[in-house]
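Before I ask anything, let me first share the structure, which is written out below as structure tokens.
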Amino acid sequence: MAEPKIGVYICNCGTNIAKVVDCDGICQRIAKMPNVVVARTYKYMCSNPGQDMIVEDVRKHNLNRVVVAACSPRMHERTFRKALQTAGINPYFFEMANIREQCSWVHEDHDAATAKALAVTRAAVLRVAYNEPLEKLYADMCPNTLVLGGGIAGLSAALELADAGNQVFLVEKTDRLGGNLARVDLTAPHLYSARDLLTDRITRVREHPKIQLMLESELKNLSGFVGNFVALVGPVKSNGNAPREQSVEVGSVVVCTGYKEFDASRVTHYGYGKLPNVITSFEFEKMLREGKIQTKEGRIPQYFAIIHCVGSRSRDFHGYCSRVCCMTALKYAHEIKSALPKSYVSDVYIDMHAFGKGHEDFYRESSEVKTLFLMYGKNEHPVIKRAQPGDDCEMLIEVNEKLSGEVIEIPADMVILMVGMEARPGADHVARLVNISQDKDGWYIESHPKLDPVATTTEGIFIAGTCAAPKDIPDTVAQARAAAARILGKIARQKIEIDAVFAEVDEDRCSGCRMCNSLCPYSAIEFDEEKHRSKVNSALCKACGACVAACPSRAIKARHFTDEQILAQIEGVLA
Amino acid sequence: MSPKKLQIALYWGAGCGGCDVAVLDTNEFILDVAALADIRLWPIAVDGKYQDVEKMVDGELDLAIFNGAVRNSENEHVAKLLRKKSKLLMAFGSCAHMGGIPGLANFTTKDKIFATAYLDNPSIEPGNHTVPLPETKLNGKTLNIPTFYDQVYKLDDVVEVDYYVPGCPPAPNQVKAVLLAVAQGQLPAKGSVVGASEHAVCEDCQREKKEKKITRFYRPWQIIQDPKQCLMDQGILCVGAATRSGCGVRCPNTGQGCRGCYGPLPGVMDQGAKILSSVSSIIDAKTPEDIQEILEGAPDFAAIAYRFGLPASLMQRNVSP
Amino acid sequence: MTFEPKIVGFLCNWCAYAGADLAGTSRIQYPPNVRVIRVMCSARVDPTFVLKALREGADGVLICGCHPGDCHYTEGNYKALRRYQLLKKTLSSFGIEDARVRLEWVSASEGQRFADVVADMTEKVRALGPSVFNTAKQDQPQHVHQEATR
Amino acid sequence: MAIRVNPRLIDDLEKYGSEDVSKCYHCGNCSAVCPHSKEPFIFPRRPMRTLQMGLEANLKRSLEPWLCYYCGQCSEQCPRDAEPGETMMGLRRWLTAWYDVTGISRLTYRSWKFDLLFVLVLGALTCAGLLLYGFTHGDIHVYDGPNAFLPVGFVHLFDLGLAVVLISLVVLNSARMWWFTIGSRKAIKVPILHYLRGVYLLPLHFFTQKRFAQCGSKTLWALHLVLVLGYLTMLVLISFFLAQMQAGPEINWNVHVFGYLAAIGILGTTIFMLHGRLKQNRAQFKHTHGSDWMFLFLLLYVCTTGILQHVLHRTGLDLWANVVYVAHLMGVVAWLSRVLNKWSHLAYRPLAMFFADLATEPLLETKKIPEVAQMQPARAA
């Protein structure tokens, strides 16, 4: 490789750096270092003149390495790499020394700060000499998509993709489509029937030539990487009529495995399972769908009580809000009042979360139909007890009512527990299969909660709907279609870009000890049985370097984070 | 064969003598050696005095094979002497190469060693505090013995070394190969390791290797081994993956984990650190407690990782003042 | 003047390094003794680096990764933890004081925590005094001669 | 001990005119804008909450409704159109019914049909009584003088009778009010001395209604004042100058002029109110309960008949004057029967001011205790 010719640029960042760090002093010291051709200071290196300065110097002194001592590389590394590209040298011949966030902004002592800044800059100069030119890699994009889960999310995603003319494999664990939505009667706030929402989509999916439906099946294994996955799909339980295992090639995976409702019997004080007419929201939905609301004894209840946040927003169970229960509860109030106008509905809540479009109006309407809203405190809870023979109701709910400050008891013949959402028991298994992570509550983690809500840290794996967090139908559908859109974008590009920074195995050094094989979080390391060599799949590798550090024969190299580069840095900071 | 015979010297520094035996283990080949070389110094086999060597002109020897580490002033003296008199100096065996087993003494100090050997030893008669001194006055005369250094050095710490032949001891076939190479003048660039391969022991090890996860360590006698399976996969600590091959997989073939005598692979700065890094990586535990529990199975890990290479490691020795 | 320890810091790109940047953007002051080297993950830190740093005269080495469970690479920090624990065992055999090498979890949102860790470590290392490789940087032969003439 | 919620109460209250209370979601704007709402009497919000939850016991002992003059600001401010003002009005009616010992009040409020019947019956009875006396003792053609159809003496007796009934009713119901709001409550112990100290509030508020003046617009307060003064003037004239009033035909200015003024005052106000309620031009005019219509109608009737019989007598048509006089008295009786509903607030308001003043201190004292009491379940949970 050509003799390194390094240009070093120390940024004043206005006064941000210069007011604490003696930039010119550093500049003179650095200029004396071997291989350093030019060293300059400038007011704002990130400004256009600043970047132009680099470009000119590269051309004038035909530099082949550049170091900028300025802010955090997390801030401007991309900016300067672009500058190098325009100057016509490989962007990876660049190093950045962080002398703002990690120096001038956190230290007051000028000398100490200057010394530190000098050290890190020196380290960068020594390191950059070992930097190597890296090129991005490309792989083909398979236009097929695997959709896990046949709920409203899965259906929406599948249709979106298939309608665009791409093959979709829709895998559903149960023997029917529709997921949790299929268990619901009407939907808040517009009171559309869930049936109507679903039937049309289900029939379209069933008849769609581009969608292969796999019922009673689940993902058994997923190998490969974005654009080139191989998925093994097999029957949930191998009984006679169930489909046999089948492996399909897909470019992307959309995980829409949905949620499971909270098990109300875990909350002992509501006596669910003991008191016959304390039921969960889903049991009530069933009544509504069957069109007969009655107690276990077959009587028509007169007093209804709906208790919110069962298992949600509590110290003891889930801390989060399940988001849909409030509106569902109001929906029940509506349905009860229209079915039994003479009945009374008490709605016992912590806070009324009416955040969505049309939700506030829905809330008002349900108060107009004389739903009695009663507020209880977070981390307190209503207690349900049987009523006395004299009472005209079956149960009494005692609660410390916040808005009146009174301890009250509410008459009830039927109590509906608004059970929250929680991650499915099998969620962790799926997470391991497709290599995505879960948060403390078991929900799948998106690659960025705000800016990248449907992608995950594993490229080509997308999440949509309530497997990512509790959400209502509109949000779920929006996510599903967003995921589909992201995939369609990839398909349109036909090629997958693979980041240039990844680990690679030197076959001549590797002796096949397989120490590294189990270390990769992305199973990017494959073992070649013939050659007795381990191999890193660069498309899967995310460059953490765990295998590199572990390799006992230094056969694995972390591109752009090689031992030489880091050792040089160590010498640099300590010199 | 060259008209003039090769002039060679073999020396035994701080070591067990196994290296000399390894030379003899070349069996009848030793006769060929004798045929093609004059052995000018070989304390274990042929008679010869340091004075004879001192009398030589510089560079008179073609090859000096030095085994054993540098533990005392005599070792250093002879090392420098041979360096002066010989065209080529070869660090022969793990001790000369990396410090070897004697190098483990660097985990402690001269004083501690002396205390154990000459003071606190049960076989010492009470009240006797005799400790070897470099210089002793005895009725008017001074008696000198070599100075025992505070730490063990590998050969190239004291003199420039041309070639390294690793192994504890070097495998006879490798010895043979090296000597032939010398004889035929087919040696690689100076400073390189000869008589060993560029790959790890695993390369030559026939045991079947799988993905590794260690849930507990076993000493070889603690379990019934599967002779076909990688020792590490069975939880038996084997540092073969971090060790040059060339030995012919001697230890693993006998069901012992490789102990690392052939030293680090090319470009590896610190063999022990690499052993440490790879072994710890595959421990199958997440909490400090669980990890600790598994590590208990590998007592005195430092000694395992640096069994042959302590003086050649980055730390070289226990550095506590 | 008081002894100012030199500490080499290996910070993972996703949590600790971001956390250190956050300390900067929120102008949290801390001692200037740690010189940071960015790695993608704490699992990239080869024990060789630590030994090398100590050998080169670092008075301390600080490794920072994501909190357990939060690793950007799901489990890199656990690998770092395993290596660290075995490394500590080994370092004690080398007679290197416990406080000189340290592994800490710092998330991207814990600027203050990073500052505290640095401050605390700096104090502890300062208390230990300079590393032996700083006090006595001897090149071997000369050292041997001293031995010989003793 | 937990209080039982009664979801039915809110339905019951609808009959008394508070229809929108269920819309309230307790933002508290109403209590914030109300010039009279202050601890320990926070309203309209608290009473509305108590009503929504149907905590009957708490409502029955509450004074808050009476401290409200229905200026309507709360209803204008309400983001949910829950009409707090109207709710307070409804609560006042409900309380009146509750205080009323006869129970007639309850019936008249809950059904306008009954109210109408009740009024007609009263009128009929009165008519019968008057005619019976007139024809037996006097001459239908004579308006005043010795053998007048309804001589002053008799009318005095008649009024006296009415007064006795009215006063006893008012006293009885007021006593009940005291018992529910103060007497029966353990939380409130009031030393006799305090009663004496605060009793001045009764006449003060009765005559001035000064708190009403603090509500947004002064117009209504002024009108009410005019009305009350009208009533009083009439009361005085009838009680002490009835002879001069009836004497004629020539006008006795130094007496009659007061009558005219009072009549104009009352008539004017009545017309203003009627017009307002028909046009619904003010917050407090938007909802008109049957009892309100009845009240205004009677007021109008009494006024007009009163004036008419006076005029007829002056013009010498004594026969007709007598007929209208009877009709007038029929109206008067029916109108006075409003003491069982609308009218009663004349008494209850000043009383409420008085009681509130007595209850304030003890309530503020006890207020601290229930808060602590509330904490217990929280800890238990």
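A, B, C and D are the chain letters, set down in written order, and residue numbers restart from 1 in every chain.
As a convention for this text, a residue touches a chain if its C-beta (ideal position, glycine included) is under 8 Å from a C-beta of that chain, and two chains touch if they have at least 3 such contacts.
As the structure is a computational prediction, the values presented were derived from the model and not from experiment.
Student: Grab the C-alpha centre of each chain and report whichever is closest to the global C-alpha centre.
Tutor: A
Student: Can you check how far apart chain B and chain D are, centre to centre, with Cα atoms defining each centre and the answer in Å?
Tutor: Using C-alpha averages as centres, the distance is 114 Å.
Student: Hey, how far is the Cα centre of chain C from the one of chain D, in Å?
Tutor: Using C-alpha averages as centres, the distance is 86 Å.
Student: Please tell me the distance, in whole Å, between the geometric centres of chain A and chain C computed from their C-alpha atoms.
Tutor: Chain centres of chain A and chain C, defined by C-alpha means, are spaced 32 Å apart.
Student: Scan chain C for residues touching two or more other chains and write them down.
Tutor: Residues 46-48, 52, 75, 79, 83.
Student: Considering chain A alone, which of its residues make contact with at least two other chains?
Tutor: Residues 519, 546, 549-550, 567 of chain A touch two or more partner chains.
Student: Going by the contact rule already set, what residues in chain D reach two or more other chains?
Tutor: None at all.
Student: Between which chains does touch occur?
Tutor: A-B, A-C, A-D, B-C
Student: Give every residue of chain B touching chain A within the complex, in rising order.
Tutor: Interface residues on chain B, with respect to chain A: 198-203, 209-213, 230, 232, 239-242, 245, 265-269, 274-275, 277-278, 281-282.
Student: Hey, which residues of chain A end up touching chain C in the complex?
Tutor: 72-75, 98, 100-103, 105-109, 112-113, 115-116, 119-120, 123, 437, 440, 457, 501, 519, 521-522, 542-546, 548-550, 558, 561, 563, 566-567, 569-571, 573-574
Student: State the interface residues of chain A toward chain D in the complex, per the touch definition above.
Tutor: 303, 344, 346, 352, 363-364, 367-374, 377, 379-381, 396, 398, 400-401, 403-411
Student: Can you name the residues of chain B that touch chain C in the complex?
Tutor: Residues of chain B touching chain C: 70, 73, 76, 107, 134, 147, 149-150, 153, 157-158, 269-270, 272-274, 276-277, 279-281, 283, 285-286, 288, 291-292, 295, 300-303, 305, 313-315, 317-321.
Student: Could you pull out which chain D residues touch chain A in their complex?
Tutor: My answer: residues 1-5, 7-8, 10-11, 22-26, 46, 49-50, 52-53, 55, 58, 80, 370-371, 373-374, 377-378, 381.
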